[in-house]
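Going by the order they are written in, the chains are A, B, C and D; count residues from 1 in each one.
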């Protein structure tokens, strides 16, 4: 049963991740008054991309080709550590949340250098922004997780999320809300969503993430899109773990709650993107530092005896 | 006995004041020579039992050196370099005398702090010796001509000798020998140096001898 | 022990004999390099023995020198530091044989090898010496040898400046160490190292502060680090590797040894190290990211990593104080493991950066680019190092940082505000350090090796020679292996932890077993990741098979002819970051704005100074020089004044003393 | 034995005035030096009987200082022979101002050099304070013509200052000696002679007031000769303007002799129980000298003057060591040995640099390592040695002194000591490194200058000795140092 649960969790993640992007797009279309593409459009896109050939820049070398592969591999490895609702993670050990965070650093590292491998000034620009923002997002994320870890007394994602319960909310509400907001900001930033980044426009100058992959095409681009989808899913799952810790005892019920939350999250992202404008680039750091500050306050609430 | 010693010592003090106030180099040399002669006589009066033979000998030698040889040597130099007086010293002659009185007071105080053993009678000997030393220092510091500085050095030595004289009863010959050796050699070498200075710089203002600094 | 002595003697003899081959450069290299390799291999046996089997080897003989005895000892702590010293130096020597060939025609290579091997010998003595005087002599010899290596290219003024600064800083450090050792000796009653018997906490605190300053200068704690970013780039690259990889670690060794001798650390020692570590780590990483010179960037990165080590040790001390076994063991183990890891990845980075310098003649990041095509091996090696530095799995840097994190995340240390601050400084600090280091090293790797060449010299680069390649590839392998074997490696630290933490053997063993099992889980993730990546690679190949794969110019939004000058440069890569931390980074902007209707030139460049140097040390030095210049009127040549000094001295003394 | 030590150089001095042939005269200098050294080494084995009713005694401190002097003189004599051969009597153009000058006659120079040795030997051996003083004065007189070897106005100025300042100082020392005489006149015993052993024996009965005054006067007097700030003012001028080999002797040997003069008085004061009186004085002078030297070493533009100020610093350290007492006295003794060897080596190397670059200005010299490899190495090694870096001997002695300070709890003094040492290190490092390293300036590159054997060997030998003393102090030397230290209040 346990192994089955693990397997289902992994498969669910791998299979359903692109769906979130579909939901977001659908929501945005709704708000724009369009019918919009099907929620399964991302799958069609991926399928199409995997069918294509590729065009490589003469400047680029093997790093450019390796980037998407290693990125996807690290996202998939991170997926091994992530529990969802009642479903256990494939691997769980003390401190795996650190590994989880650092696997994203690995992903980022290769994404950035493969962008630089093209020698394109636009991709260099995106890469520069990416490393700057992520340097700020990473402490916010880790400190937020540290607050939750301190609260639950566990250092494994699986244990943290299984020991958090809806009944904790009355007592730990402020902490969880703070961590939730902070992680939410990190979620938006890491997944290049408004207000940090705007995946819609294709004005390269305004973008961070998308601009880094301008030169990718075919299966490579497919992998990148799929990686992005996984990232969205996994970070969404973290939020789900913190904000809707439903533990009824019934695995399926818990999982459904989490999945519903993920869908809701996608809708919410769509709503935000339809109703808000992108922040000025120079204001993004303030947002991220604000997130870190929220995490610190949460930490103080947990450890500082203020709880 | 004591009165003779005191007389010499008072002469010592007065001659120092004269050296501080005089501007003519020739006069200074003569005063210093007189000082030397007076000092040469000093040990002869200090000893209760009358001077011994070796003391007479050394006194004669000293008087010969200080009273005759050095003045002669310096006068020769003086004639050679054709300088008559010390013009524009660092410290003027009036102020020099004012300093002199301050030195005198300090010397008297030092004399009161350093009492000589009872066997050495005169209470004036320590202050006057100190005063002579200070005057010598002052001449070296306040004057510009190399010749005056040699003179100042001789005065300094005179002051030291005054102490030496006070000791001559207790201590062996060596001290006096040392003084003489020192005086002779130092004055000799310095005299030569003054010659060289004159030749090299065409004057003996030590003003110009300040090229080596920091 | 005899093997150790024999090894050291062989190294020393080869050091001296290489002097005689100075005119024939290749022979000097052969003699010097071979001696180091053979000597290191032999000398490696006893430390390995100690690490694997435990026990202590020692040698004590009479030595006719005041206060000195020749007393050396290899315990587990010494052995743990000997390991990277011997391995890295041997590899650097192998590298040096090729590297120095370029100088062979116009330089006498004898001294280089003499000092290189002397550096190795002195480091061997530093970490084994058990007598203050022996330690100090070896310590200063180490400084001197490395100084002469730093000033190898002393025809360049910048190098001389760097050498001067280094020597001065080291000298100041030694002054503190002299006080330290004398005080220590007066407490133990002997110049030989011995655990200090119960002493008043005040005295222990003074000793600790002296040690932190004295050893901290060598280790490069911010703000004592100012010599480091000058000296490391100036030295030949294999020397930089040794200096950065292991020599500055002797400072850490000294600190750890001090703590061993002083015992029972109070809480504030831990806090001091944590704060120093956080400051060094953050500023080091920040400065690293803003540098335009490759080796200078690496040098700042050493400051950063020393900061991480200090964070580990600091949390460990805190754990000892709070009697919290997990924190103590994990913090110290993490810190010490990072010593080992940093030695290898920094060595790797300096060696591969050296081959860039060797082949292009410049270390200016903005003048390089696209080197991966001409120097694939160097690029691969540098990439491995660059991934290891920001602590990214699956390379070794991650494992040591992980242990430090883990200690702080552990249950049971929820004791109020202190924990908040500790977690904040350490977890937040490490995360931010990691992020900044990532920026620095994506820049270093990306701008130097990727894209297209930005200058002719970068275009005509050539791959490093076989010996150079061998040595850095071995290091690259070691970086990977150290990570994968870290679950086993941490057991080696047990005796060190035993003497440092004052915990029982069982308590330490429990923690280590736990940590080891966690680390092996991480290794499992790493292996899975590797399999996934490999699998995906095959998938990708499968997908592209039979499809059209074209080659074209980089798509640049419509520009038909992108050229290399349009690429993002290192300066522009980190400009955003530098602006963000503008207050901490005194960046000078040199702007030549384009003017007129048809401007044909414009220029923009940035240089980042060291803020500690600029705002702290230089003004202080200037004040001292100004004061001394003012006092120089004291001696301005007048004889009369000189005599006045004598008179004044005399009369003042007489009046004062007879009063 | 004792007579031989004094009279052989003295006789050689007289002889050299008579010899016409330059070569024979040079051989005579080297030969005398060798014989002198041999005699001293024999004295290590056999000791020497006191002579002249206890006025001349070879006690442990005397043996120590005599050995330094002798070894130094030997090295310098070889250097001097080579130096004189290169400086033969022609008219020389002064590199600084372009004036023409001649050197003093070589015969006079040689005679003075040998007389200098004789007088220094006498200083070391005298146990009678008046004789000691006579010897000290004689060293001044013998060395003044040596300083005025180059007959131009700068060296004349230097010699004049040397002569006058040292004469004033030495006159004060004479006064001090008189005061000791007065102090001893108070005693009830018969023997009122100024022989050291007698004074020590009657220590407790001496008149303290006069003894204190005597200590002050001799300290100022011999301190002038030794170069303690602010009495040292002749020292930089004399060292920078005299031939380098003379600078080496002045710094290495003469300063030590003056130091010994102070130490003799210290012995008397110790016997009289005046330790608390003289020790603070020595500490004061020591620190003042170090500080003064630091001020002038920072930003110094002339390398020979820099070495001279470094001598001021080191005599400060010597005085400081005696002032601190206990273990520092031993440090001071060791320091005297090491400093002499190192400073002489540096001055000789400076002479080589001066010869090749024709300038004493630091900013005009670069690339010594390239142009004069041996001298360059010596210059760097000397720099490291003089600033107290291991493995050179000065490290050990400075360590010993610092150790004693710290162990006595005198942290302020220790901090000042180490702080000033660091400042001096900074000042010297910037000058020495700049000179030794870098490339040769193009305008001086063509001038050819070969390093001859006689110019390299003596400083090399001295350098090797300091290096050895930093790594291994032979037991015999160690014992002698301890015995000498015991005489001055240490152990």
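The definition used in the following text is that a residue touches a chain if its C-beta (ideal position, glycine included) is under 8 Å from a C-beta of that chain, and two chains touch if they have at least 3 such contacts.
Quick caveat: nothing in here was measured; it's all calculated off a predicted structure.
Here C is the chain whose Cα centre lies closest to the centre of all protein Cα atoms.
When each chain is reduced to the average of its Cα atoms, B sits farthest from subunit C. Of all chain pairs in this entry, the one linked by the most C-beta contacts is A-C.
Mean C-alpha positions place subunit A and subunit B at a centre distance of 100 Å. If you average the CA atoms of subunit B and of subunit C, the two centres end up 70 Å from each other.
Once the centre of each chain is set as its mean CA position, subunit B and subunit D turn out to be 31 Å apart. Annotation: 44 Å between the Cα-based centres of subunit C and subunit D. In subunit C, the residues touching two or more other chains are 632, 635, 639, 643, 646, 654, 658.
Within subunit B, the positions touching two or more other chains are listed as 113-114, 137, 140, 149, 206, 209-212, 214. For subunit A, no residue reaches two or more other chains under the stated contact definition.
Pairwise, the chains that touch each other are A-C, B-C, B-D, C-D.
Contact residues on subunit B toward subunit C in their complex (touch as defined above): 90, 106, 110, 113-114, 134, 137, 140-144, 149, 206, 209-214. Residues of subunit B that touch subunit D in their complex: 113-117, 119, 133, 137, 140, 146, 149, 153, 156-157, 159-160, 163-164, 166-167, 170-172, 174-175, 177-179, 181-182, 185-186, 189-190, 193, 196-197, 200-201, 206, 209-212, 214.
Within the complex, the subunit A residues that touch subunit C are 50, 52-63, 65-66, 68-70, 72-74, 76-77, 80-81, 91, 93-99, 101-103, 105-106, 108-109, 112-113, 115-125, 127-129, 131-132, 134-139, 141-143, 146, 149-150, 153-155, 204, 214-215, 218-220, 223, 285, 292, 296, 299-300, 302-305.
Across the complex, subunit D meets subunit B through its residues 128, 130-131, 133-134, 137-138, 141, 144, 148, 152-154, 156-161, 163-164, 167-168, 170-171, 174-175, 177-179, 181-182, 184-186, 192-194, 207, 209-210, 213, 236-237, 240-241, 296, 300, 305. Chain contact summary for the complex, subunit D toward subunit C: residues 160-161, 164-165, 168-169, 172, 209, 212-213, 216-217, 219-220, 224, 230-231, 233-234, 236, 277, 281, 292, 294-296, 298-299, 330, 334, 369, 384, 387, 389-391, 395-396, 399-400, 402-403, 406-407, 414, 418-419, 421-423, 425-426, 429-430, 433-434, 437-439, 470-475, 478.
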